[in-house]
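Below, chain A partners chain B and then partners chain C, in two separate complexes.
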Partner chain A sequence: MKSWWKDVMAMEFRKILAYRSDFWITFLGQMFIQLLVTISLWHSVFKENNVTSMQGLNLEMLALYYLVANVGMRILWGENIGFISREIYEGTFTRYLLYPISFFQYKTVSYLSYSLFYSLQLFIFYWLYQLFFGTSDLSFTHLYYLILGIGIFLTSSLLFLTLAFMVELISLWADNVWTLMIMLRFFVTFFGGGFIPLNFLPHWAQEILAWTPFPYLINLPVRTILGLSHHTEIIKGIFFILAWTLILATFVKVIWSRGQKRYTGVGI
Partner chain B sequence: MIEIKNLSKSFKSHKKEPGLKGSLKAVFHREEITKLALKSIDLSINKGEMIGLIGANGAGKTTLVKILAGIVHPTSGSATVLGHIPWERPNEYRRQMSLIMGQKNQVWWDLPALDSFLLLKEIYQIPKNQYQKNIDFLADTLMIKDQLKTQVRKLSLGERMKIELMAALLHNPQVIFLDEPTIGLDLSAQKAVRHFLLEYQKEFSPITILTSHYMEDIKELCPRVAIMKEGEIVFDGPLAEVQRMLGDEKVISVTTDVTTFKIHIPRENLASETQHLFQKHNVVDLNIQDPPIEEIIESLMKGGAP
Partner chain C sequence: MSRYIRLYIHFLQFSFSKALEFRLDFFFKIIMDIVYYSVNILFFKVIYLHTPMLGGWTESQMMIFISTYILIDAISMTVFSSNMWWLPYHINRGDLDYHLIRPVSPLFFLSLKDFSANSFVNLLMAIFIFSYSLIHYSLPFHSLDVVLLCALVLNGALLYYCCQMLMILPVFWTQSARGFMDLFYSMGIAMERPDKIFTGWRRFVFTFIIPFSLIASFPAKLFIEKFNWPTFLHLISVSLLFWILMIFIWKKGIKAYSSASS
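== the complex of A and B ==
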């Protein structure tokens, strides 16, 4: 670990805490709204179909799936959209070209700081959940699965970061990549199991998706936290995460080597 | 040492017709235009020199500085700074160089300056003693000690500029690029920044390239100037020579009982013209001076190479 890594992390934590009301409002607000929407929506679906479970998940488990997925996605998203493209647009990106350190290392450490911080939210969520529902018969996770799941979320954050690098660096050609980042998040959420658990999709679709990076970004860590994944599935998932990260990192390298020649340092 | 040979840079951009029709048309087709920002620049700067780059907006000053700082790649030509090719950005070069842009923030907006400095200490691997010594020297000379613990976004423009200067000089760079460091500052802040830069130059003797639109900056700080016009250097030499170049002329400021005016006259006609003025007008006050440096440079920029 390089000495400046911990300083970058400490600085990013200070930046998050500089706006601590935003931290709590977003976290708690998002959690309760999500809970409300999910329960009412799936309650109607269950009632309409006159069933008590779908694909092996009852209403409570589905609600739990969405809550964990939702909090977990914050770990995945890390910094806000535009964490590179906005700086390129504004010209503040220049600072990373001046510092005698790797720009990618800096951004990765900075991004992971956010992911680590949001992991804390998942622990808080776990604690709140145990406090209110811990004595009920809802089959929420063991702490071991929670830690394992957060570990997978942090690993898959690196994969998402590599995807984000690819899209964000396009701003060296096109000024505004906001829409592309929104699309990326939509695809990741949809094909990753953020909108509906992936086992609700047809079998053939699940088989195709298994070869893409998407299911390992949300579905795998959420299922791990809920204790629904067995160890073979987890090991296979981690292998895919690392393999896809390496493949995409090669593309990022090419984009960067060409794109940096186009940087003009102009901005607001 | 900085050596620049045949350095050129062109930028591509797009042209869009004004109005809604133009915007709709641009969605399908945009006309590409190429602007030559630098045209075969040659320049050599020695260790410890402070050179002023001056020119109108769009003359290519900032582009040249950005290339030398390694953030922009040139289209052709070569340049070495302290033996390094800047745009290859070796860490060894980046540790010895600094770029300060008057219109850009490089310290973190949401944090107090000291937080940013602590990170820079680690990034530049500044030893603890050296770090504290530099913080003390810079904060004292810039008179900014009390603002170091305040969120940067809450500081005034002048204070922010001082913080930027501190951040950029914390690692004792051997080469400093200053791109309009006094832009937007009030007169007293401009004076303070100039005083600081002079002190810093005396103390550490770095190679410094300064671009500025304020002639006071150039006059007070730069013994040597390079004047740029449309991507070319049209003059490179001592500041005193600029004045000597048009030294054949004098400026007479005249105040009569009804008006005030200035006239430029050849030196050899000085006596006869002055006599003529006294005969023709009821002169209350008369002042004979060399042409101001601003006017000389302006005429050089308009007229091209002398």
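== the complex of A and C ==
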């Protein structure tokens, strides 16, 4: 069979770059504003307490943490909200039931195109940051942790995709589920360490979170890129990512088999 | 004026009946905002585990600020958000034609016609959080302080609307406003932080150029700290300036509008 996934990926890349000005305004603007605000906040906290580091992170590390976390979240988010639910609502979902390609395979390839694109962005931005603002010399250790961290981000993006499948497929029962996707993003951002590094949370909260999928989505890959995670922590994290993906994929299968029967394909 | 009030009452009736048609969606939106409020409060709770003060404010004072921006956000979500979401599409698809020929201000119509009834429940919840933080505020205050704070909350909601419009209006000249809109939403984080954390050029940016710090932080500051005229005048003058700028660009945009090919 011809490698259809290459065509799907090429098509998705073209979509991402269709509105280039929008893309760069969003990307650079968001990055700049978010970093500016978070660094100001932590600078104020450090100043108020007259310290140079907290929970093992100084201001430079925190800046890097948020830079990586912000681009990393784009790897996770992949396609826009509504990548399935909109099609169900509009009735265009029917084509996936007719094409000789698995719906899940198609959507996974399409989603991974975005994740790969943003991974490349993360690679370039991290490298540029280290080149211009980094205090330590660039080395193979940096490169090793960067590639390892991006690899974890891509693995955890499959976990997020499974969560997204679960939520998006609810649209087979409800008209609008974008609110649920926003909620999912809120949860992942907060409990995953996108708003605040997780070691700032109370110890008991960290222990509970360790059993959920959230810390492995953002906190683990970011800490890996920063060289703060031990190998045992990384291996344990990857195990949790795969285990959660499998567990959630089972739920997706159930939702899919039940939801398919409800689909009418009439659109709006 | 009375014509506009009657018109707005019709908008409200229509919006409520429309919202109740999608009950599950209505319920989801309420839950979503509860999550948003909880995450915001939790964020500051975690920060205060590591510091007794932030931007010169204690946790109790910070709660006043948090509830202020939650309330402003709820007002914006209820009154303006749906309209702001659809405005670029109206301009892009040429739907503005229908609004320009009506005997009513197109800016009024396009900014207010879609009242978000779903968010109205959340507005009530935001009012509850706001009242709760005032009742549990640790320092004494005068009732006039509360009146001033409420007036400044409304001013904050209007300033937020102006900033959002200024991000949407370039769509009259560009093909898509999506980049600017996404940028606007990410800028929202600046509104959710106390202004005192910004120093130097960053302070200038967030209090003059992109005045997100004026939306909620300045009103809270005038309540928490002693009222001072420079802060008040700064807030009012920048708000007025942004309103005038928004109206000016709107008029320019209407002149540049060329229907469906816009």
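Brief remarks follow.
In the analysis below, the second predicted complex is superposed on the first by the 256 of 268 C-alpha atoms of A that agree within 3 Å, B and C clash if a C-alpha of one lies under 4 Å from a C-alpha of the other, contacts with A are read in each partner's own complex, and residues count from 1 in each chain.
Just so we're on the same page, contacts are C-beta pairs under 8 Å (C-beta built on N, C-alpha and C of every residue); 3 or more make two chains touch, one makes a residue touch a chain.
Everything quoted here is computed from the prediction, not taken from an experiment.
In the superposition on chain A, A:35 contacts neither chain B nor chain C.
Legend: residue contacts after superposition of the two complexes on their common chain; A:92 is shown touching chain B, with no touch to chain C.
Look at A:264: by the touch rule set out above, it reaches chain B but stays clear of chain C.
Contacts of A:15 after superposition: chain B is touched, whereas chain C is not reached.
In the superposition on chain A, A:3 makes contact with chain B only, while chain C stays out of contact range. Put chain B and chain C next to each other and count what each touches on chain A; the higher total goes to C. Once the two complexes are laid over each other on the shared chain, residue contacts for A:124 go to neither chain B nor chain C. Judged by the touch definition given at the top, the superposed model places A:101 against chain B, while chain C stays out of reach. Residue overlap on chain A between its contacts with chain B in one complex and with chain C in the other: 19. Within the complex formed with chain A, the residues of chain C that make contact are 22, 24-25, 28-29, 31-32, 35-36, 39, 42-43, 46-47, 49-55, 174-176, 178-180, 182-183, 186-187, 189-190, 193, 196-199, 202, 205. Within the complex formed with chain C, the chain A residues making contact are 19, 21-26, 29-30, 33-34, 36-38, 40-41, 43-45, 48-49, 54-55, 174-177, 179-180, 182-183, 186-187, 189-190, 195-196, 200-202. Chain A makes touch with chain B in their complex at residues 3-4, 7-8, 11, 14-15, 18-19, 91-92, 94-95, 97-101, 260-261, 263-265, 267. Here chain B touches chain A in the complex through residues 11, 66, 69-73, 89, 91-92, 94-95, 97-99, 101, 104-106, 108, 110-111, 115-116, 118-119, 122-125, 151, going by the rule given at the top.
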